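The following pair of complexes shares a single chain, subunit A, combined with subunit B in the former and subunit C in the latter.
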Partner chain A sequence: MADDKDVLRDVWYGRIPACFTLYPDEVTDREAEPFYLLLPRVSYLMLVTDKVKKHFLKVVKAEDVEEMWFEYEGTPLKWHCPIGVLFDLHASNTALPWSITVHFKHFPDRDLLRCSSSALIEAHFMSTIKEADAFKHKGQVINDMQKKDHKQLWMGLQNDKFDQFWAINRKLMEYPTEDGGFRYIPFRIYQTLSDRPSIQKLFRPVSSEGHALTLGDLLKELVPDVISQDDDPKKYQVVIHGIEPLFETPIQWLSEHLSHPDNFLHICIVPAPSD
Partner chain B sequence: MSSGEVSNISSYCLDEKSFHLCCKLFLQHSGVIRDGWSWADVKGSEEGYVKKTAIIPAKLGSLLNHKADDGMNAVTGVDECDDEAVGDYIVQSQVLVHYEYHILYSIGHQVPILYFRASTLDGQPLSLDEVWSNIHPNYRQRLLQGPWDTLTQQEHPFLGQPFFMLHPCHTEEFMKPLLQMADDKKRKINYITTWLSVVGPVVGLDVPLSYHTELPAPD
Partner chain C sequence: MEVWKSHVRAALIHRDCLQKDPFSGLFTKVSSLEEMLSLHMGVWEDLKRDRIQSPNTNGVLQCSNEDTNPPKLYVQLKEEQQLRQKLTQKVLDLTSDLYLKEADLQYCHSQVSRYRNEAVLLARGACCLKNDLCEYEYKLECQSKELAALKLEQRTLREELAIARQEKEELLERWLEEKKEEAERINKHNAALERWNSYAGRLNRRLNSGSRRHPRPATNNRVIQRDSTDQPSPKHN
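Let's turn to the complex of A and B:
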């Protein structure tokens, strides 16, 4: 088996090729060429699309420019979800590059959070990490850190510096050996066909009898329909970072290795391709 | 907090079951005094939240020296590093604003969280800036010291729509002395009522005194 540390690196450097095109109704002076970009799975759309904005601003009439937002096949893309989660949830099993539509007008206030500055992304990211640590260590690890450590986590993500980020993040992954894992696993389960953005619950990595609980155990408790896959062909795929981990994988291992930088394990449940 | 603390309140958090119990008692009293709170079920689960709507006169202005909402890399040409700045705001108009308040349980932080959104009567949502300008000046200075730690726009965990949220980071911190005091005096208090009387007024929600005097507290 590969060194587990390689997994962290593979997760961090996961990329999705994307093609950005301007929404046809936007008024332009001349035709807008599409813009191609490799998107880091673990980052946020508004953090890595400055170039996209610059590119399209060249052709959009200045007086028509409001806050930029993105859409995929009619669904506004929530910038506060990691990019990889958006892709897995909405565009798994579709052809690459991922085709994203860019808007500068009619911001969908009912669906999307405003994102007027990168300070907001930072605040969102930090508050998610704090919530994750509340699950893992009652928030004690993140609260005991200094401000500069918090800053280093954020700068690591913002500047795509794996080592800078993990130098601090490893502390958030620690737990007493005798416990066998975190207090609770910070996770979110997303389902395409649900109004509810995600579900989360208190879930321990180790059973009361002391054995390690698995991804399958978690799904059985939270989304039993998904796991009862006697149906052949299977109806759903359970996707994390673009792959389908085995249900036998211990949830603690997944939490340590396949969590996003926000320290949550984001699990997407999507319909299986029908072909 | 030492883990060896001897107290019948071992932690100053609120577990989910107690949250539901506190809400139930809170709603019973609300039904008596008819101040408009009700329970909302989340379909397909046992979860839910307490909600209320109100129409409140508000100012639609914006803080002059609140720069965070000014767009990417706001260039205003004004040096804004004075940290005394609390906010002169331009009052543009006085209008009626429709407020919607939700009390949700955060399983991560194990405390209640107040979510709210505000819109004009024709449905135009208020921006974060406009919400700030309607926060009582007594609170504004305190809140602006760490604006993103306190009031942010967040996705409603059940509805998936943007709401404003008073961040729960400090909830345990301010609840602890209150719960300790009640504990010392052998008084039972309802967590929701006590908590809401602290955070509610920040965003225009008053908690009538009768909640504290009439309401039976959970055991």
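Let's turn to the complex of A and C:
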């Protein structure tokens, strides 16, 4: 359906304006100007910040340069999470552009994985896609693909080519009509007020009675506190790609249309703004 | 369109209105200006290098080939080169897009073919189901008629049964009446028999006492005349 394709496009071309500033304690030859960049929501920080690195390396002393990493208000930003998820989780209710601090020293090994090259991001991305397909089709679709198809998925993401990516990814979104959906929905739930990095569980898109399950059903099973009672004020926001879908949205449709390129549905639960 | 779907669509548009659209033009402009600045810096560096490499006789830095290749022209050349590079990239992107669209078209054709097959299968199934439905409707009609006939028969039988029950009641009444009469008759007979027995007993006693006083002649038997009303009748069931 044309509308559904528009949703895929809107998801793919979602952007977050960001302002990168160098951490004040970094030693520089001259004052570092901030760097402004529109970040693709579906990509990864380390994949789109080559220009940022180049910009700040002009002023940072070469001997002080270690691995680059990013931080927002004291929270190191995980490069292996999609940018949109990082924003929705940590900064969804703050003023734009998103202010990110750039570091070249004191890499926080306890909080972040090191990312030496884009090959590492590719490996992470492909392994996540395989994990998702194991949920959806027992891994049969991704395993039946050729190496060049895997490459096309990665190149599509790396070069921000919607058509290139979806030419292959649509195969990962197919399912037998009689099944009514995937075997299980690949999803991850992130909570700001939780020590757990994310919640994952096997969840079928269709109930044993044969009716389509919704986002509300998923949340009721995994994080029931999130669903407020009728008379209670809303305590949490359930955010996917910067929007709050209705709880009656079928989880199968969400998985097909609002999943990230890694084929996982990343659901962020953040406290509702008080005002 | 379903409410939840139109909500997602509207929310995505609203999100872009807040997050992307106000910054997009500005950021693109900044990016292109930075690119231009970087190009100009590169040109400036090149010119500076050229001046250092070819100082004039007085040791003063001056631009080489200043008359034939002025800085302005050089900058223009670099800009044109960059533009050409961008256009080449654009052509490459468009060519690859074309291939992708062709592949997309093929995929769409295959999907159309798949859905057409599914539609044919479903139509066949629907046809079979329609035939079955017709058959069942015919059977239902026949069975309805049978049911109506059976109901009619049942009603007749019920009426007959009611009559039979009524007759049975009447017969039972009659039988009981007859039994009652018979019982009265038996009772009457029993009473007569009882009287007869008592009378016979008295006669026997009298006979016995008379024979003790007058000896009994051996050949002359006395005949006792009985009242027909006192004699018990044979018992009938």
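Going forward, the second predicted complex is superposed on the first by the 268 of 275 C-alpha atoms of A that agree within 3 Å, B and C clash if a C-alpha of one lies under 4 Å from a C-alpha of the other, contacts with A are read in each partner's own complex, and residues count from 1 in each chain.
Keep this in mind: a residue touches a chain if its C-beta (ideal position, glycine included) is under 8 Å from a C-beta of that chain, and two chains touch if they have at least 3 such contacts.
Note that the structure is predicted; figures quoted are calculated from it, not measured.
In the superposed arrangement, which partner chain does A:P271 touch: subunit B (first), subunit C (second), both, or neither?
neither
Looking at A:A132, would you say it contacts subunit B, subunit C, both, or neither? Reply first, second, both or neither.
Only subunit B is touched by A:A132; subunit C is not.
Based on the superposed arrangement, let me know which partner A:R114 touches: subunit B (first), subunit C (second), both, or neither?
first
Applying the touch criterion given at the start, work out whether A:R196 contacts subunit B, subunit C, both or neither, answering first, second, both or neither.
In the superposed model, A:R196 contacts subunit B only, not subunit C.
After the superposition on A, what does A:G216 contact: first (subunit B), second (subunit C), both or neither?
In the superposition, A:G216 contacts neither subunit B nor subunit C.
Thinking of the overlay built on chain A, is A:G180 touched by subunit B (first), by subunit C (second), by both, or by neither?
In the superposition, A:G180 contacts neither subunit B nor subunit C.
Which partner does A:R170 contact after superposing on A: first (subunit B), second (subunit C), both, neither?
Second partner only, subunit C.
Counting only touches as set out at the top, which of subunit B and subunit C does A:P76 meet: first, second, both, neither?
In the superposition, A:P76 touches no partner, neither subunit B nor subunit C.
Residue overlap on subunit A between the subunit B contact set and the subunit C contact set?
Overlap of subunit B and subunit C footprints on subunit A: empty.
In their shared complex, at which residues does subunit B touch subunit A?
Those in contact with subunit A are residues 42, 44-45, 68-74, 106-110, 125, 127-128, 148-149, 152-155, 157-162, 167, 169.
Under the stated contact criterion, what part of subunit C meets subunit A in this complex?
Answer in residue numbers: 1, 3-5, 7-9, 11-16, 18-20, 22-24, 26-28, 30, 96-97, 100-101, 103-104, 107, 118.
Give every residue of subunit A touching subunit B within the complex, in rising order.
Where subunit A meets subunit B, its residues are 67, 78, 80, 109-114, 116-120, 122-124, 127, 130-132, 134-135, 139, 186, 195-202.
Which residues of subunit A touch subunit C in the complex?
Residue list for subunit A touching subunit C: 3-4, 6-7, 10-11, 13-17, 36-38, 96-97, 161, 163-164, 167, 170, 177, 241-246, 248-250, 253, 257-258.
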